[in-house]
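Shown below is the structure under consideration.
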């Protein structure tokens, strides 16, 4: 099956704050045009939960709901985001949102005219970043691109420390130290979490952390030089 | 099985605008206290999609998504609302959101210590009001109470005609004429739709249309005199 | 994906009385030959329940079974009819009977060498006519053809009024008046029901009501002039 | 759990020719009264396909459908029969038709107020008699009663040989010889087939073959002396 | 669809003792090379449970577990064997293990670039040999090859009787006599069982019994002269 | 529902090396007797994959299978172990192995006479230890007990450093340092992994690490003083 070997596979995690933002339509369009330009490109998009997830989780939290169930609520919101994005992408997208890793892997094989699948979270105790890394493993993806609310990895959280510097490359060990003992709160800060990092490390997945905007998503899908932070091994 | 015959079964449709409103916590509490007061009460709550559904649908519509898929997006939002409500209700609620009529019927039978199930939409082309009527048929419910944004059925839409009068009782035929040729737009006006009305009629379901607030929900669950509009045959 | 745009998609509702009738083999053959003649034709067939459904429903009714469950029995019979038709159609048909709208939509995408899917009812409270309309929406079908026991829409029920005249074209409003306040009895008269009509209206689906025989099915699939009644907007 | 040990479990295979026969209502009533009389009785009913199955299979056969698919059509009809019987039995019955052995076993455990489950065929290549034997194994049933169109096992087929004698007891070996090299045609003669016999033998299931009428079903459920043929080891 | 008619379909049952044996890698490689050599070849592999199944079953038996559940444990082991084989075969294989006959049939249709599916047992009371025969029926396979621990069918069990002679051809009747009254113990002797034989007979499936080694598997897949025993009608 | 509040819920992770060991029967018996002694005890057992998982994974690895799929193979083995354990435990156990967190939570609610559920892994990228912690969160368990191959947490790996000292209590931070940068290899060392630790921390789950033998399991289930290492916050 030599044709299949030539396919380029990109896993793209989209920040949940994208949905309902002004950027949404532009991102849909850059995905559509990237796909049209390169018929051999296969894309797995992982949608985050974003502010909407945090709102729903906040309601449930007021009633003392346990953490695993809060995770499940966050997953439900990310899947809703995924459904809307898949619908907006139209003909090129698998028409439903897979709920297991197996379904993700099957979808791009079974639907031969489809070039793209959109999913949300898969399982409690696992962020959508970790989902992105797992999907990259399973699909033997060429790269995993995490599109976040920031420009990349900084020496410190740029929202708190104005003097923080962006890193072009970072090792998993460094990134782990920068992330520190970050909590696993459902709907939390989404740069990269320890579980995702462990998966990236065990399979040496080529990973970039970029800002979620039209220009960078275009770069990420075309495979040209990507502006952001690369994780190196 | 004489014990089961004594159970009182109420189907309660909650307007989707309840979620994220100030009324939410009060409604959760009145359901909890009604359930505690009457251990023989079984409740099936149907959550509407509300403004959140309309927002998601609006995004998809911008990209030319078909009506059946817009319905599916509306259903996904109503199920998310249902999940959060079920979680907030805690111990008394079936811990998941059923996706078929069969699952609804089974849930209250299989989980004997549970007194309540929360669901959203079930199927495209069918409003959450029609879902409420179907569930009432399947469970042979004692009554179906539709909690909406208005006080009951008026001679005309009270939001447009200040002189409209509230009706205490209404026949299906009258209600059908008042509703007129209302469209079946996904996420539309939720007083009662023609499909729901047909189901109510074919099974002669005891139905009330009430305002979605703490006091009326309390009345609806206790079975005392309910303030609103009753559908009579 | 320009090729996909050229596909012609027809949704064909077949009267349940077809099964076990003399016409059955001829209809199977005309579907097979239409499909062979036009490789770009995609067909979704919706099988009705027919007399067999009415018999099973009558048994259950004797024991006081509720309307929603009677609907479920009717759906089960229509799916059995669908299974036999799909098997008879052989190689060109998806080999199973989808149970949700999503499965219908996926089936023709996923099985690229298949040109046809056969389904029965999908959900209680929704006739197989409404199912046909929903499928037409979801697949963005070129036309929806309802093959019934009569020649088309008449000014009155032709089985009761010999002087009734067949209409070539009818508006949804007119048709709604002709149908009158028809009941939603499970397994009832299958010309067109209010729910199906609402869906046809909201999506402006090109719809024909024809007699279920070899000649008209052939016309309906080839897209040549169709003898029957067209719904116009 | 000492209470559970006192439960009496009977697996009852009902001939498919029962459905639509005059006997149907009487059988429903004798099952209802037997269950009411003995609250510790748990019943798993397996519905055969009968003449309706043979009719549907005959249609498919005309089009050259393979044997495994013909089995699947027969299973679909037996499940439809089961659905109608379960609905007719009302409150005492699990409200759906299980499709796997696991679902059968779970149903009576999970629904504590239910005393009965009705199923049809489970899997191609396996008659509903074999299904009855499997269910008896899985539930560790007290007895398996196969209610057929004949009075019991005869020395020869009583429909062909008027001089055939009914046997009160029969060993698996004898029965195997009487059955001879009977074919496994979908929807075939339903006294007992080699697969069912192998299962009965490996688990030494107490088995009776009786006529499917009110009196014998009553005996079979009460556990009083059963008129028919017993399989002895 | 003339292209599909040219496809060659082989069902290959692999003895469960293959897994963890030295032969495993060689068999994987001969399947890969056979598939590469003939792009029109479609293979359904049925994995047996083997010694691993017998070990797990022995543990459960010590605790008095019923026969149907022992069958389920055997099926679980055969599916695990199938999962590992499917993973090892990589790109040419459907990436999951189907659990129903319908899933088997669909898999090779839906995944057009896949040439092979691997499954284990499907249902209690049915050996993996019978599964192979059912799959052969459903796929209208060109041949069913049962790769066992012995060279073919002998006049007597060659492991007990050194003078036993291998038969080149055998009729179902002869084979049935040779097999005698073999028990249906879960995880038992796997030459061929009565149920499998009945299925082979009813559909006149071209069947070979061969030794499970590289050379014979190669012959079985290429369709050249196969060394072993052929079942003739 | 005051009765439910009195239930004691213990999550017990069992080392995969238990299966096929001499200890197996003793552990089954101590679970049975603990359950009989305390009717209010509810137990969720998580079975590890153990040496059998490592063997199957090693076979797949030889063929270059990706890490996510290796995880899936490990999960399949742990579920097989769970199936055998559930079968051996007999009447007190839910009769199947749940595959999602939701199924785990539902099982103990739905089957009121069952006191125990046995599961294996749930999702790739998540060890069975993390599964134990998630289940403890979801069930609001009284404690999570991880029964391993060692006596508890040591200052260093006791298998490599004979001078290592066992700790009675350990903080998550300390344990994290002791575990170091341990890899997430499928089927790896099972003391406790970073993901499990994060979950334990976020929900402050009362956790013990003990040796997997009869005496300690008995202590863990009775809630008397548990010999091993406690995680303290």
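Just a few scattered comments:
The letters A, B, C, D, E and F name the chains in turn, as written, and every chain counts its residues from 1.
Keep this in mind: a contact is a pair of C-beta atoms (placed from the backbone, for glycine too) under 8 Å apart; a residue touches a chain by one contact, two chains touch by 3 or more.
Bear in mind the structure is a predicted one, so any value in this text is a computation, not a measurement.
Path length between chain D and chain E in the chain contact graph, taken as the least number of steps between touching chains: 1. In the Cα superposition of chain A onto chain C, the rotation angle, rounded to steps of 5, is 120 degrees. The chain pair A-F and the chain pair B-D differ in C-beta contact count, and the higher one is A-F.
Ranking all chains by how far their C-alpha centres lie from the centre of chain C, first place goes to F.
Distance between chain centres (mean CA atoms), chain C to chain F: 53 Å. Taking each chain's centre as the average of its CA atoms, chain B and chain C sit 30 Å apart. Averaged Cα coordinates give chain A a centre that lies 42 Å from the centre of chain E. Mean C-alpha positions place chain C and chain D at a centre distance of 36 Å. Each of residues 69, 72, 102, 110, 112 in chain F touches at least two other chains.
Applying the touch criterion to all chain pairs gives A-B, A-C, A-E, A-F, B-C, B-D, B-F, C-D, C-E, D-E, D-F, E-F. Every residue of chain A that touches chain F in the complex is listed here, in rising order: 66-69, 72, 101-102, 122-126, 130, 133-134, 137-138, 140, 173, 181, 183-185, 194-195, 198-199, 201-203.
Considering their complex, residues 91-92, 95-96, 110-114 of chain F touch chain D.
Only residues 19-20, 24-25, 28, 52, 55-56, 59-60, 62-65, 69, 72-73, 76-77, 79-80, 83-84, 87-90 of chain C touch chain D when the two sit together in their complex.
Of all residues in chain D, those touching chain F in their complex are 1, 4, 102, 105-106, 109-110, 112.
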